[in-house]
Amino acid sequence: MRDSVVVDGVGKTYASGVEAIREARFRVVPGEFLSLLGPSGCGKSTLLMMIAGLLAPSRGTIRVADGDVRGPRPDVGVVFQSPVLLPWRTVLDNVLLPIEMLRLRRADYEGRAHALLAMAGVDDFAATLPHELSGGMKQRVAICRALVHDPALLLMDEPFSALDALTRDQMGLELLRLWEVHKKTVVFVTHSIREAVFLSDRVLVMTPRPAVIGLETEVKLPRPRTMDLQESDEFNRYVGLLRHAIEAGNRP
Amino acid sequence: MSGRALAWPLAVSLAVLGVWEAAVAVLRVKAVLLPRPSVIAGVLWRQGPLILEHMWPTFYQIVLGFLLALAGGVLVAVLITYSEIVRKGFYPLIVVSQIVPKVAVAPLFVVWFGLGDLSRLLLAFLIAFFPIVINTASGLTSVEDDFVRMARACLGSRWQIFTKIRLPHALPLIFGGMKISITLAVIGVVVAEFVAAQRGIGYLIVMANGLLDTPLMMAAIAALSAMGLVLYGAVAGLERLVVYWHVRTESPRGGFA
Amino acid sequence: MPITRRRFLAGAAATAAVTTAIPAARAQSNTRLKFTLPWIPHGGYTHMFVAKKLGYFEKRGLDVTIDRGFGSGEVCKTLGLGQYEFGSLDLGVMTNCAAKSLDLVAIGMLSPRSPLGIFSLPKKNIRTPRDLEGKKLAFATGSGDFQLWPAFVKATGIDDSKVQKVFMGPEALIKSLIDEQVDGEGNFYGSIAPSVWAQGLELNTMLYEDYGVKMYSLVFAAQSRTVKERADVCDRFMQGVMEGLAYTYLNPNESIDIHLDQVKEFKGSPTNRDVVKHGQGIMTAMGLVPEVEKNGLGWADPEMIKRTRETVVTYMGAKDVPPADQLFTNAFAGKVKLTPAQWASVRESVKRYIPARA
C-alpha cells in the first residue's frame, strides 16, 4: 500500500533569509493519525502548509498519494487555526464551498454536508449565519467543510488552540469519532503534548528553528480513546517522554 | 424604520420648526432674509407643480451620474487592485481629479461639452466617482490573508477568489462609498446648475435668489433636501438588504457571539 | 481677419436694406434660433418675451428659444463659440472679448445709457465719489462694473487704495447690500434697483456715465460670420426684437403680464411683479436718448461706439481690439420708429426711473 504522504529532504528558507526548516523527512501511512508536535514558531505550521500545497518548499519534495504536490489538491482537506467562515454565507453554504470551487453539482453533496453537520452536532444551524455561532461551533463547521469533498488526507493546523480547555477536549473526542467513521489520514499540528498523545497513532517532535524532525514515537494506546485514559500511567509516560524530548531540543 | 423610532426625530424637527416660526414672528424678521416655515409651506403647496417640474431633471441627472460613477468606480477599483501598472500610472491622476474644485470646472465643461445635460452629468460623475474607487479598492485589498488562504485550500481559482471572497468582502465598504457618493452627486449636480443650467432645482434656486424671492428659494431648498434624504435612504435601505451579514455589535442576542 | 470683417458688415448693410423692402416671406418651416440673455430673465428683457408671445418672431419665420445667461463674460464665450446664434451683453465686455479673437459684433443697441455704477442704501451717506473712500464695496469680478472701475477711479480722481473691496459671485451681491454686509457695491442699475425697491427700500445710485465714463452698455450681438452668411435671419430676428421693444415701451402693464406668464418661476410672489415692473421701467428709461428717438430703435451712434472702445482699450488693458466700425453694425437698426408724441408719453410713463445724480 502506498504512503499517503512522503516528505523528503524538505527545507524552507524565507526571502528574509530566515531558515525556518533545515530538513524534514518522514512518511505518513494511509489511515494513520499523525501529530507534528513542537513549541510555537518551530515551523510545524509551515511544514503543514507545504504539504497542503499552499506554500512552496525551498528544497526537497513532497508527494501526496504518489503525486508531487504542486498546489492545493482535491484529495486534501485543510482546517486552520481559526475557522475562517465566510460571514455572508449560511453554515451550509460555507460547508459546500469546496464543492462550488470544484464546480461539482451542489445537489449531489448537500446530503453529505448535512450528514457531516449532524455528526458534528450543528445541523440545526445549517441555515444560520456564522456570527450567531460560538467559536467551537464555527470550528466544527470548518471541519465539516474540510471533509465535504471527501478528501483522503486531512491536514489540521492547531485547530483547537483558540478554544477554551473544556471545548478543546470535547472537540478532540468528536474529531476522533469522525476520523474513525470516515477513515481519513490525518496530519495534526499542535503544541499541546497531551493533545498529541491523546489523539495520535504516532507523534513527530519538531525542534526549534532551523527545525528538523527530532524524536519520533508511536503511541500504542487502545482505541477508541476515552477521557479517563488521560489519567492512566501509560498516557503520562508518553507525555513525559515527549516533554523531555522537547525540553532537550532533541536532535537525532 | 419603526413607528416608535420615527417619533423622536419627528418631534425634534417639529419643535425646531415651531421655534423658527415663533422667532421670526416675534423678532419681525423680513421675509427676504428668513421667511417663516408656514410661508415656505404655503409656497411648496402653491408652487408644487413648478418645483416638481424642476426637480425631475436634477433627480434624473443625479441618479444617472451616480450609477455611472458606481459602474466606473468599481471597474477602476478592480483594475487598480489587480494591475500594478494601472495603479502606479493612474492613481495620481485620479487623486488630482478630486482636488480640482468642480465649481471652477463647471463653466469649462459648458464650453467643451455644450449647455445640455452632458456637462452636468459629467460633473456628477466626476464628483461621485472617487469615494467609490477608494472604498472599493480598499475593500478588495483588505481581505485578510486567512480568507484567501482558506479559499485556495478549498481549491478556488483566482477568478473564484475574486467573485466569491473579495467582492462580497468589499460590499460593506462599497456601500459606505455609495452613501458618500450619492450625497456628493446631489451637491455636484445642484452646484453645476447654479452656474450652467436652464432648468433644475439649482436653476430654480438661483432664479428665485435673483429676484430676492426667498420663500421660493427656501421652498426649493426644502424640496432638494427631501430629495437628498430619499436618495440617501434608498442607498442605505439597499445596503441593509445586500449587506445582511453586517451585524451591529451592540444588539444583544440569545446566545453568545 | 479684421479686413474681411469690414466687408461683411458692408455687405450685411446692403443685404438688409434690400430684404426689408420686401415684406417678410414665411419660411417653409420656421428657422430655429437660440438666444441668450446676459443674466436671469428680469424686467429689462420683457421685450424678448413679448416678441415671442405676440408672435413677432413667428410671423417672420423664426422659432426663438430664450435662455438665461451667466454674466456678459460667459455670453461672450457661449455666443462666440456658436452655442447660441444671438445674445445680449454689455458692449464693453464684448469689446474686450473681441480683442481675444472671439468673433462678436453688436447688431442693435438696447441700453445706450450705461447702467454701470455704484449703489448703496441711503443710510450709508454715499452721495459723491469721494464718499467711497474708507467704505467697503462688493463686486463680482466678471461684471462690467468691476472691469470699468479703473475708468471711474481715473475720471473721479478718488484714492483707490482707500476703497476696501470684497468679491463674491453675482448672485450674492444684492443680498449682501440689503443685509448691510457691505456699504455699497458695483452693479447694473437695472439688475439691482428693482429688487431693492420691491423690498420697500430706497437706493442711492452713482452711475459711471454721470462722472465722465460715457459708454454704451447692453447690446444685441452675434458672430460676425452669422451677420455675413445669414444677414436675412439677423434682420428678421432684430425686427422681431425691436417690434417687441416698441410694444413694451408703449404698453408697459400688458408687457409685465406677458413676462410673468412666460417666466413661470417668477409668477409666485406678488413682489416679483414689482421687480419686473421696475426692471422694465429702468431699461426703457435707459433707452431714451436723442439719437434713438431720431434714428429709430436699436440705432447706435458711431462716435459712442468709438468712445466705448477707447475706454476698453485704456482701462481694461485690451490689445488687438478691432476698430470701432467692425464692432457694430446699424444695418438692422432704425427700422422701428416711434412718433414724437409716442416718445413723449413713454418718457412720461418712466419719469421716475430716469436716473438723476444722487
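When the chains are written out, they are named A, B and C in that same order, and each has its own residue count from 1.
Operating definition for what follows: contacts are C-beta pairs under 8 Å (C-beta built on N, C-alpha and C of every residue); 3 or more make two chains touch, one makes a residue touch a chain.
Note that the coordinates shown come from a computational prediction; the quantities given were computed from them, not determined experimentally.
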Hey, what chains does subunit A share as contacts with subunit B? none
So which chain ends up in the middle if you average the CA atoms? B
Measuring centre to centre with C-alpha atoms, which chain is farthest from subunit C? A
Could you grab the centroid distance between subunit A and subunit B? Build each centroid from C-alpha atoms only and quote it in angstrom. 49
Dist(centroid_CA(subunit B), centroid_CA(subunit C)) in Å evaluates to 40
State, to the nearest whole Å, the distance from the C-alpha centre of subunit A to the C-alpha centre of subunit C. 87
Mind pulling up the subunit C residues that touch subunit B in the complex? 39-40, 42, 67-68, 70, 74, 77-78, 81, 83, 171, 174-175, 178-179, 195, 198-199, 264-269, 271-272, 275
Sort out for me which residues of subunit B touch subunit C in the complex. 30, 32-33, 43, 46-47, 50, 107, 110-111, 114-115, 194-196, 198, 203-204, 206-213, 215-216
Residue ranges of subunit B in contact with subunit A within the complex: 146-147, 149-157, 160, 164-165, 168, 171, 243-245, 247, 253, 255-257
Footprint of subunit B on subunit A - complex, ascending: 52, 54, 72-74, 76-78, 80, 82, 84, 86-88, 97-98, 100-102, 129, 131-134, 145
